[in-house]
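This report refers to the structure that appears directly beneath it.
Chains: A, B, C and D, in written order; residue numbering restarts at 1 for each.
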C-alpha cells in the first residue's frame, strides 16, 4: 500500500509568520517570554525553546518534528520557567485543548497567555526518525483523528490552511479491536505491554495535567503503588494514571510519544474519553469548564451497575 | 573498617533493641545489641562513622553511630521520626529486632587531636554525631587539652542527651556552654540564651592548638564558620560531618555526591577547607 | 495455601468497602438480627463512598481479593449530601477502565444498602460470595504478583513450586 | 584466536546453548520494541536494530531482590540471595557501545566493597560482541573515543561478512571456552570481505577540555539554557548503558517481604529529596548538570573513565529533544 504524502509545504510560511509575530510582540513588550520550537542538531529534529529577547525570534520554527505539547512548561510542575507578565506560546490544536483544560482547572489565566496558534496538517510519530518526511504512515496516530487542525481562540494564527486528507482513525480502530477481545485476551495484551515499563515516568513528566506537588506514586506513607518496575507495580501505576486523567486528558498523546518502550498509553486515555462521552456527554478541551465530569454529578446519572 | 565477610554487602547485621530513651517528644535514642555472638565481639567502628538502620518493611535510614567506640557490646542511634522508616523505627519496643548495616564512611582523625584543645559546636539533633567523639575523648581524657562544648537548641525540651549534659556540666575537666534560642528558655533555665554562633563568640575560646568540631543544620554552619574564622581558627582546624541523603553507604548508588565527593565514602567527616572546596550542593 | 485446601470448595476472599453511616449500620442490623451470611467478607469502614478511592479497589485485588464489594448510602441519603453521587460517577468510569484492562467485572459489585436494610446487605454479600466461589480464585493479579523482570530472575526450583500452589 | 562461523552455524550455536539450559540473551522484539531478552529460539533474534534498552540489564537488572525478611514474634529472620543461583548467560549481538560500558561499570561496583550481585553476574556472562553496521545521526561513539568495531568488554567479537557469516575473535578465556565447547560449528577464517562499518559522528570531542571546563563552570548560567527544557523523567538514565544509580526499597508488610534494588535516576526530583523537605538539587537544571558532571567529570576523577559510550539512546528517547552530543560538543568548543 503506497503511502500518501501529507502536504507540509505551508509549514515554511507558517514558521516565518510565527517568527515575525514573535519578534513583534517581544520587541513591543506585550510578552516577557515565548515558549516555542527551535531546530536541534539532528537533521530535521526540533526541540522546545524559551526565548526572552526579540533577536532570538528567528530561531522559532514549525516543522513536522515539532511534536512536544509546550503547555507542560506553563504548569506549576515546571517552576523554573520565568513567569513574569504575559507568556507567549506556540500551540497546535491538540496542545490548545490541554491549555483549555488547564484554564478550567484554574492553573492558567487566559489573559496571562499570548497564544500563537498553528494551522497543523500533522506531526511525525515517535517511531520515525525526525528527518523522515510526513506520510500517512509516519503521521502520529493522534493526527489521524485530529479535529483541531485550525486552533480556535488564539491571539494570532497564520493565514495558511492545512490540507487534511481523510484518514483511518488509528486509535478508534485499535480500541474497537481491543474491546472485541475477551477479558483474558485484553489482560494478556496489557500485561505484556506493562511488563515493558521501566517506571521512567516520562509519561507523567510531560503530561500537562500531571502537576501534583507530589504524585500519589511518589508517596510512601502509605505506599499505594509499589515503586518496583515489575509487571504488578507497572500495571497499578498505569491504571492509576489513566484514572487520574479521566475526563481531563484532551488527547495530545505526549505520554505515548515519549514512552521509551513504545507502550500505547494513549489507548487508555482515549478509551476513558470515549466512556465519558457516552456516560456524561463530556469532551475535554473544547471550552473552559469550571467543573470536570468527575468533579460534578447529576441526579439522573446512570446507576444500572449498582444493585 | 570491619571487612565484610559475607558476600552480600547489602545484608544488615541483626540487632535487638535493648533500651529506648525519649530525648524529646519526637527524637528517640535506641540502644542496640547485636544478636550474633561473633558480630557482637568484633564489630568495631571509629567516632564519626555512620550506619544504615533497617526497619524491615519500611526500608533503611542513615544516621551516625551515636555511642562511643570505647564502649563495647552495644551501639546507639538517635533519630527524629520524620519519614516512613524513622516512624517504623519509632514503633520498635525493647526486644524487637532491627537491622544495622555498617560501619561506613571515614571518621574523625582522633589521633591527630592528641594533645590539643577541643571545641565542640553543635545544635539541636546534630549533637549525636559529635557525642560519639565527646565520650571517646572523655574516656581518653588525659590525651587532650581542655574540652569546650557549645550546644544549643530551639527550646529547652529540644535539648538531647539531657542526662549527659548534666554530667558534663558537673565535670571539672569539661566546659559546657548550654544555650537555647531566644524565647526558648523556661523559668529555671540555667544556661545561656541566644543563637549558637553568637554564644560561641561570647565564649571566645582561644584558637591556638585547638580543633573545632562543628555539626548542625546548614543554616547554623553558615553562621558558625565565619565566627570561628574571626576567633582565629584556620580551615584545617575545623572539622564537620555532612548528613547528606544516602542510600547504599557503599559508594555505588550515586545518591550522596556533592560535586565529585561521595559523602558516604570520602566523608561524612570533612575539614572546613574540604567543605569550602565543594560546590554548593548539600 | 496447601494442596490439601484445593479439595474443599474454594473459599473466596471478599473485601467490602462500606460507608459507616448506612451500609455499616445495615451490616450491624444484620448482626443484631442474628442473620447468617458468609464470613468470607472483610469489611472496611469509610466515612463515605466518596472517600473510597479507586486505587483502594486496585490495591485490594493486588493483595489477593477474589471479589470486591463497594456499598454505601442510597442517592439522597448521603450524610455529606453528595458523596455517593460523586462516587457513582467515579465507579462508573473506573469499572470501564478495569474492564478495558481485562479484569472480570463480575468480581466487582457496587450496591446501595441503607441502615435499615440488614436483609439486603446479607443478600448482596451472599450473592457475591457464591458468584465468586463459582468463578474460582482471581488468578490474574496473583500471577501478576509472581512475575519478575527476566534480568532479576534467579534459578529457584521453589519459585516454580510456589507458583503452582496458589 | 580467529575463527569463522556461518550464519546457519551461528543459529545452531544459539539453539545448542539454549538446549543446554544456558540463558541466551539477545535483541528480540517484545510487543513491538527491540529489547535484550532471553531467547526461546534463535529465530527470535533481531540483528538489524539497536535495542531500546542497553545490555547492562543482564548484570545490573531493572529490579532484583537483595534479601527477603520474615518476622515471627519479636525476631526477624532474613534470607540472603545466593549468587550461585544467578543463571549462566551468553549475551549475544551486543554492539560495541553497549559492550564497552561493561568494564567501565566494573570500577564502581568493585570500588572497595564488592557488589556480588553485579560481579557474580558478570562472571557468569559471556559477552558476544557484534561489529556495528547501522547507525543514525544520534550515534556518537566515535566522538567519545570508541568505534563501531571496538572490542572492549567483549569476550568473543563477531564481525559480519558479506554473505552472512561472521569472523570471530576471542578476547578472554570465556570467549575461547565458548568456541572450544562448540568447535564443530567454527571453521578457519576465510577471506570474505567484512560488511562496511557504520560511520557515526565525524569529529572527536576533546574530553580533557570538556572536563576542564566542567571543573570551573559548576555555577554557570549556560546550565539553564541547556537544561531548562528538561522535564525530569528517568528515560535517559534508564536506557543508558553506563548509568548505574539505584534505589533500595522494602516491599511487603511488616510481617514478611523483600528488599529490592531498583534502577533510579538523578533526574528525578525525589532522588536527593530529604525527609526534612530540604533538597540540595531543587531545580531541574541542577539535576541535569549532575548527569553531565557525573558522566564527563566525576567518574573520571574517581575511576579515570568516561561514563558515556556515545550510543545515542538518550538522544532518541528524550521527550524534549535534549541532545547530549550537542551539549558536549558546544562545551568542547568553548
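By definition in this document, a contact is a pair of C-beta atoms (placed from the backbone, for glycine too) under 8 Å apart; a residue touches a chain by one contact, two chains touch by 3 or more.
As the structure is a prediction and not an experimental result, all values here were calculated from the model.
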Pair of chains joined by more contacts [C-beta pairs], C-D or B-D = B-D
Expressed in whole Å, how far the mean CA point of chain B lies from that of chain C is 49
What is the distance in Å between the mean C-alpha positions of chain B and chain D?
-> 39
Chain C and chain D have mean C-alpha positions lying a whole-number Å distance apart equal to 43
Could you put a whole-Å number on the gap between the CA centroids of chain A and chain C?
-> 35
Residue numbers in chain B touching 2 or more other chains?
-> 59, 83
Spell out, as numbers or ranges, the residues of chain D touching 2 or more other chains.
-> 62-63, 81, 247, 249
Please set out, as single numbers or ranges, the residues of chain A touching at least two other chains.
-> 229-230
For this assembly, give the contact graph shape among line, ring, star, complete and other.
-> other
Touching pairs of chains in this structure are A-B, A-C, A-D, B-D, C-D
In the complex, the residues of chain D that touch chain C are 25, 37-38, 57-58, 60-65, 81-82, 85-87
Any idea which chain C residues touch chain D in the complex?
-> 148-156
For chain A, which residues are in contact with chain D within the complex?
-> 40-43, 45-50, 68, 72-73, 77-81, 129, 131, 192-193, 196, 198-202, 204-206, 218, 226-230, 254, 257-258, 260-262
In the complex, the residues of chain B that touch chain D are 4, 6-12, 14, 16, 54, 56-60, 82-83, 86, 88, 95-97, 99, 218, 244-245, 247-248, 250-255, 257-260, 262, 265, 279-282
In their complex, what parts of chain C are in touch with chain A?
-> 54-55, 58-59, 62, 75, 82, 85-86, 88-104, 109-112, 124, 140-141, 144-145, 147-149, 152
